Amino acid sequence: MSVVQSLAPAHQSLFEAKAVKGLSFEQIAQKVGRDEVWVAALFYGQAKPTEDEVKKLGKALGLQEGPLLKHWHPHYFPERGGLIPTGQAPADPTLYRLYEIISVYGYAIKSVIHERFGDGIMSAINFSCKVDKVQKNGADNVQITLTGKWLPYDFHEEEQSAQ
Amino acid sequence: MSVVQSLAPAHQSLFEAKAVKGLSFEQIAQKVGRDEVWVAALFYGQAKPTEDEVKKLGKALGLQEGPLLKHWHPHYFPERGGLIPTGQAPADPTLYRLYEIISVYGYAIKSVIHERFGDGIMSAINFSCKVDKVQKNGADNVQITLTGKWLPYDFHEEEQSAQ
Amino acid sequence: MSVVQSLAPAHQSLFEAKAVKGLSFEQIAQKVGRDEVWVAALFYGQAKPTEDEVKKLGKALGLQEGPLLKHWHPHYFPERGGLIPTGQAPADPTLYRLYEIISVYGYAIKSVIHERFGDGIMSAINFSCKVDKVQKNGADNVQITLTGKWLPYDFHEEEQSAQ
Amino acid sequence: MSVVQSLAPAHQSLFEAKAVKGLSFEQIAQKVGRDEVWVAALFYGQAKPTEDEVKKLGKALGLQEGPLLKHWHPHYFPERGGLIPTGQAPADPTLYRLYEIISVYGYAIKSVIHERFGDGIMSAINFSCKVDKVQKNGADNVQITLTGKWLPYDFHEEEQSAQ
Amino acid sequence: MSVVQSLAPAHQSLFEAKAVKGLSFEQIAQKVGRDEVWVAALFYGQAKPTEDEVKKLGKALGLQEGPLLKHWHPHYFPERGGLIPTGQAPADPTLYRLYEIISVYGYAIKSVIHERFGDGIMSAINFSCKVDKVQKNGADNVQITLTGKWLPYDFHEEEQSAQ
Amino acid sequence: MSVVQSLAPAHQSLFEAKAVKGLSFEQIAQKVGRDEVWVAALFYGQAKPTEDEVKKLGKALGLQEGPLLKHWHPHYFPERGGLIPTGQAPADPTLYRLYEIISVYGYAIKSVIHERFGDGIMSAINFSCKVDKVQKNGADNVQITLTGKWLPYDFHEEEQSAQ
Amino acid sequence: MSVVQSLAPAHQSLFEAKAVKGLSFEQIAQKVGRDEVWVAALFYGQAKPTEDEVKKLGKALGLQEGPLLKHWHPHYFPERGGLIPTGQAPADPTLYRLYEIISVYGYAIKSVIHERFGDGIMSAINFSCKVDKVQKNGADNVQITLTGKWLPYDFHEEEQSAQ
Amino acid sequence: MSVVQSLAPAHQSLFEAKAVKGLSFEQIAQKVGRDEVWVAALFYGQAKPTEDEVKKLGKALGLQEGPLLKHWHPHYFPERGGLIPTGQAPADPTLYRLYEIISVYGYAIKSVIHERFGDGIMSAINFSCKVDKVQKNGADNVQITLTGKWLPYDFHEEEQSAQ
Amino acid sequence: MSVVQSLAPAHQSLFEAKAVKGLSFEQIAQKVGRDEVWVAALFYGQAKPTEDEVKKLGKALGLQEGPLLKHWHPHYFPERGGLIPTGQAPADPTLYRLYEIISVYGYAIKSVIHERFGDGIMSAINFSCKVDKVQKNGADNVQITLTGKWLPYDFHEEEQSAQ
Amino acid sequence: MSVVQSLAPAHQSLFEAKAVKGLSFEQIAQKVGRDEVWVAALFYGQAKPTEDEVKKLGKALGLQEGPLLKHWHPHYFPERGGLIPTGQAPADPTLYRLYEIISVYGYAIKSVIHERFGDGIMSAINFSCKVDKVQKNGADNVQITLTGKWLPYDFHEEEQSAQ
């Protein structure tokens, strides 16, 4: 069963409408006025939209406002994570936050990678990363940049051995 | 037992020499001519240096070349990962690579965060991430940028209840 | 599947009625005459109400008494816990009780935090705790106070790299 | 093997000196000028002291400054958690922070409970908890108060059955 | 989902009939002529009744003999355990048998405790146990007696902090 | 490695002295003036003795008071459990207490069974249990009595097949 | 849920027809012309029958050939195991094969034991085993013979304590 | 680390003496007057010998009686199992006993297979098993016979591809 | 439940159509113009086909293009793995890739083995493997060749012991 | 701790001698007259050599015959596997054999890959595999060929963001 099939019916409808409309998360994000990864996370039940964002989302996908607003009612708060088995995560809080990011945003990142690059992976071998200090809204932010070569799935033809 | 104490003796010596010299990974990286995160990963046994890099490392830390070269002999190849319990990782290869990055580079990233910011964490709540397509050496690369607010540990004083 | 969807149908009805009425746990608690966290725990199947409390609850939510009383019949006793995977809990009884509290009251606490503060978390970094001895009904009680900064979810906009 | 025996030698020395001096964490905390739970957490390797705090700690315990300062050298950063098996923690960040608190401060809390009450537990049955909004340093804080009856270990004498 | 909801339909009917009739396991046991814990275990699918016991059970609960006899047909043999996650049980056979008893009879014991005492637990702190040698049917038997204080659930009212 | 070899050195000495003196837990219990199971639990590090009990224990085993009193210094509090892998225990508190009893007293019970009966097990098949309400010190107590046939290990001789 | 209820519908029908006909695996085996354990394994989805065996099986159970032949179509190959959680099996291949036997044939063996002996177990205490070298079809075979006393379930009546 | 290296020193000595003397378990069994599998189990710490058997064993292996008798002192009782990770064993007692047999006698069986056949395995594919009812000492016994083809390890030479 | 029954409905239809048509993966592969293992992997949801391949597949199986193209819509990207429990995989990336291959292509390989050889296994005992360097599309490739004897399932007839 | 450090001392000596001599497994294999992967497996304790092979191995590595022959004495039989955590392997025997191959030969394959290619991995993305039927010694063999692009570790230099 795919992870989408395990989501609440309201979220399965989002994916269905998206497929029917043939929209990418990037296109939806532009219509909702939020980031692409955030919108993908919202589809996977990992974020809480405002009422205005729900309306824009419904419009973008051609879905009625009513059921969407009922689903994301004021007392709705997401149960984040749960899509990826988290197994035995590292206890150290600095390391754990890296796991939490994958737990909460992993499927959103995977979806955006696929929509932008196709079927494949970001290499962890031909890969580098760096840690920077950046400012956001007057506060120090940690910025981790992960860069890996794009590797498309490529199952090449095999010659059968003579038998 | 700290993860450093679980490393091979040769690696424990690196950390000891680094503490005695009072060097940061950034400073050592400049002397070795490699990236800071890579050097931290090397300390944790997650990378394979060239003979030249071993010599520069020894010089930077005031350690004799001989034992270092013997440790990283030509047939030495790192067993990467193993520092963080990986538990039940996601099977999907695109998601797995994100786990592998934490498994291999997690402690290096943690160390560099601490040396640059102090004792604390990168927030996964006041946080954003994006996925970009960048070019490196004429090939498409996936670039994931994680940005989270710096949160220093701050255990504030408590007033004891009257008893 | 959200944890609410995994509850018995009777409990799902409570959440549905609550959403329709737009009531917070605090408001329901005042009508039932019990504590807010206890009422939230009751919704999650972690407490046993008296017949009188069931009636007040039904009235508060606009639900018929009959099915509620049938659900919480005299021989009904909750199977507590089970909402959160408890994995490998600490064996030491003093430590275990802390886990048990999260296992039984965790979702109730999460719900009350969200209703009072919004979508976010209590920081475990900008955080302190203390242990006090207090008297309740003529007996010594251990009182543990956990205080952490409120961190609202804030996924800030990212500028896309030029590509 | 007790958790103390699993700590780094420097930390085992702290516990030994504490036992020899017959000091409670509360007494040490007063001499160091920090909170009791924080000091207990420091003993268990879950906190990073300032140089000044290291000196006060050494003085309080009758230990030489040198080795203590060497242990907590400027590039030392704790690997928090790891004392309690964290198994399969809840993925939801709001719930996870409750686990993290036990993972990081659990042994400190256990120690302070024992030193203040003796050998026993805080009941999770004769128990209540509440969630408050409090202000600290001009910011909203979540305050969770856990109150449970003190239950001392009491293994009463048994009469042997006639055989 | 409660453990009762996870049982085979035939067993769910037993619990439903019991609730409708308002019978305790003790009352049913008297009508079936077996022990109370055994009857509770039978409800949870952990025992194999004789044809005569099935008939008495049906009569006690006001259920038709036919479906009951079909469910417990001659080639039916219980798959015991499975209600409680047994995780990593102790390998030593003497210790394992203690786990097996909880695995097979745990829910039966819990049900009988609740019906006799109410909502709460047997304390493992204010607790003692002994091991005796007794004779049954001319053979040595090990008798382990576990005695713990009854602790009823008692979530006391909290005063809200001034805010 | 046997569980005794995993205990703190002070506890290993107790077992060694007991073997040298050829004493059973029952005999030691009579000299210490406590219950047999409690004394066995003390040997396994699962209980906290008073100063007076430590002295009697030392006398019974022919061990010097000094090291024993130093081991069980006033701020010593046992970390109970940990001898048996607790795996995935049941979350329900009523059921969990049964697990906790095995976790804390399991090895003590096993030792007393062996000393009283020999090498073998208490059957969980030829077995019964009951739940009683008894009074202790003016309070209700739950009493669970487990009775199982004694089964000694008996590996009978085999005839080898003709080959 | 019993293991039978977890099988594919075609297999559940086999068990149902067997119960209706009141046949033992031994009786079915004689009609199919295969071994009793193999037939029981077939019922549990652990073996692949020939077309002829399918026909005989259908005749023995009074089931139509068509659906049975469709279920066991030429490209059907069993996914063996999966009925018993295999957890952390031993990696050593010689030891693993013993686990595999239980994984594949465990339920078949259990069923045959019950049909031949009733409700109970083979003792692993009053038990012996031997290893022989035997010849089958001109090849060396390892033969392991496990012999354990039959222990029927016997939950004897308890006298209630005076209360 | 091999399982032998994980045994208590006394047991490691047995294996060492056996290797020096070049004795098989079958030869030792004849000198001790017990079954071969039982003797192998004794070497692995899974059985309790009588004083007489200890003396015969010492004589057979050329070891002094004293230390052997001290190791197997009257209050010594084996902690069986623990050599093979038991993971998530089946809860059903009839199935569990099959696991327990492997847990307790698995290494003994493996050793005897190797000494009788060489380096290889008993096939679980070219394999059959049966369940019989046999009489031992006037009681019904379950006898399970497992017969599998002997498969010796045979890593045949490979031709390297032209490169 | 077989792994096929756990797949999305679209994939179950593929297997059903294949059984009805009586086609092997090899035959379908020839019609689709891709490798046999890749086509089997596609059936198990482990690959992404082009629109042209979907059409050829539909034609080969006698299925309508529409639903197939809707299932494999442009934004569909497989969640690979998930059919086999991956448990605690090795963290080392070189070793992990071997696990990933089984996780993604395991069922495809199993299916092709069965269709080519029948019901049985590839021996890992009578087995060899080699590592070669080969060129593909102008790049170095690692080629691992695993060769093991074919072992068909063969449950031979047992003679029942006289009873 | 590397896997080599976890091996028996005799095996650690083999690796040390190999490093000192600067020999590859391929070179040693030629001197011993066995396959390269088999020899690497032997180093990791996963194979049983003949007396003649032990002598050739000693000669190749410049080690004395005596201790090597003592280590691989006639009754020595390897405990295979155990180097890689096998977690929750697939129960199906056809799939399991693939896991067993990695468990037993995984480190040998990794070592040979590194010695032949350097530091990196075999891609599982740019990858194909096929299944063939081949003849060896007059018997059908399953041959699985895995071919993946060689990906060398390449941590490229990062430009630091302006700060």
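Letters A, B, C, D, E, F, G, H, I and J mark the chains as written, and numbering starts fresh at 1 in each.
The rule is short, and it goes like this: a contact is a pair of C-beta atoms (placed from the backbone, for glycine too) under 8 Å apart; a residue touches a chain by one contact, two chains touch by 3 or more.
Since the structure is predicted, the reported quantities are computational estimates derived from the model, not experimental observations.
Comparing contact pairs by residue number, the interface of G-I is reproduced by H-J among A-J, H-J or F-G, since over half of the pairs coincide.
The distance from the centre of chain A to the centre of chain C, each centre being the mean of the chain's C-alpha atoms, comes to 28 Å.
Distance between chain centres (mean CA atoms), chain B to chain I: 38 Å.
Per-chain Cα centroids separate chain I from chain J by 26 Å. The set of chain D residues that touch two or more partner chains comprises 35, 37-38, 79, 84, 86-90, 92-94, 100, 104, 110, 114, 120-121, 123-125, 127-130, 133-134, 136, 143, 145, 147, 153, 155-158. Here, these are the chain pairs in contact: A-B, A-C, A-D, A-I, A-J, B-C, B-D, B-I, B-J, C-D, C-E, C-F, D-E, D-F, E-F, E-G, E-H, F-G, F-H, G-H, G-I, G-J, H-I, H-J, I-J. Within the complex formed with chain E, the chain C residues making contact are 6, 8, 34-35, 37-38, 41, 45, 47-48, 70, 73-79, 88, 93, 136-137.
Per the touch definition, chain J reaches chain A in the complex via residues 120-121, 123, 125-130, 132-134, 143, 145, 147, 151-158, 160-161, 163. Contact residues on chain G toward chain H in their complex (touch as defined above): 35-38, 84-90, 92-95, 97-102, 104-107, 109-110, 112-114, 116-117, 120-124, 127-131, 133-134, 136, 139-150. Residues 1-3, 5, 18-19, 22, 24, 87, 110-111, 114-115, 119, 124-125, 153, 155-158 of chain G are the ones that touch chain E when the two sit in their complex.
Taken in their complex, chain H has these residues touching chain E: 79-82, 84, 86-94, 96, 100, 103-104.
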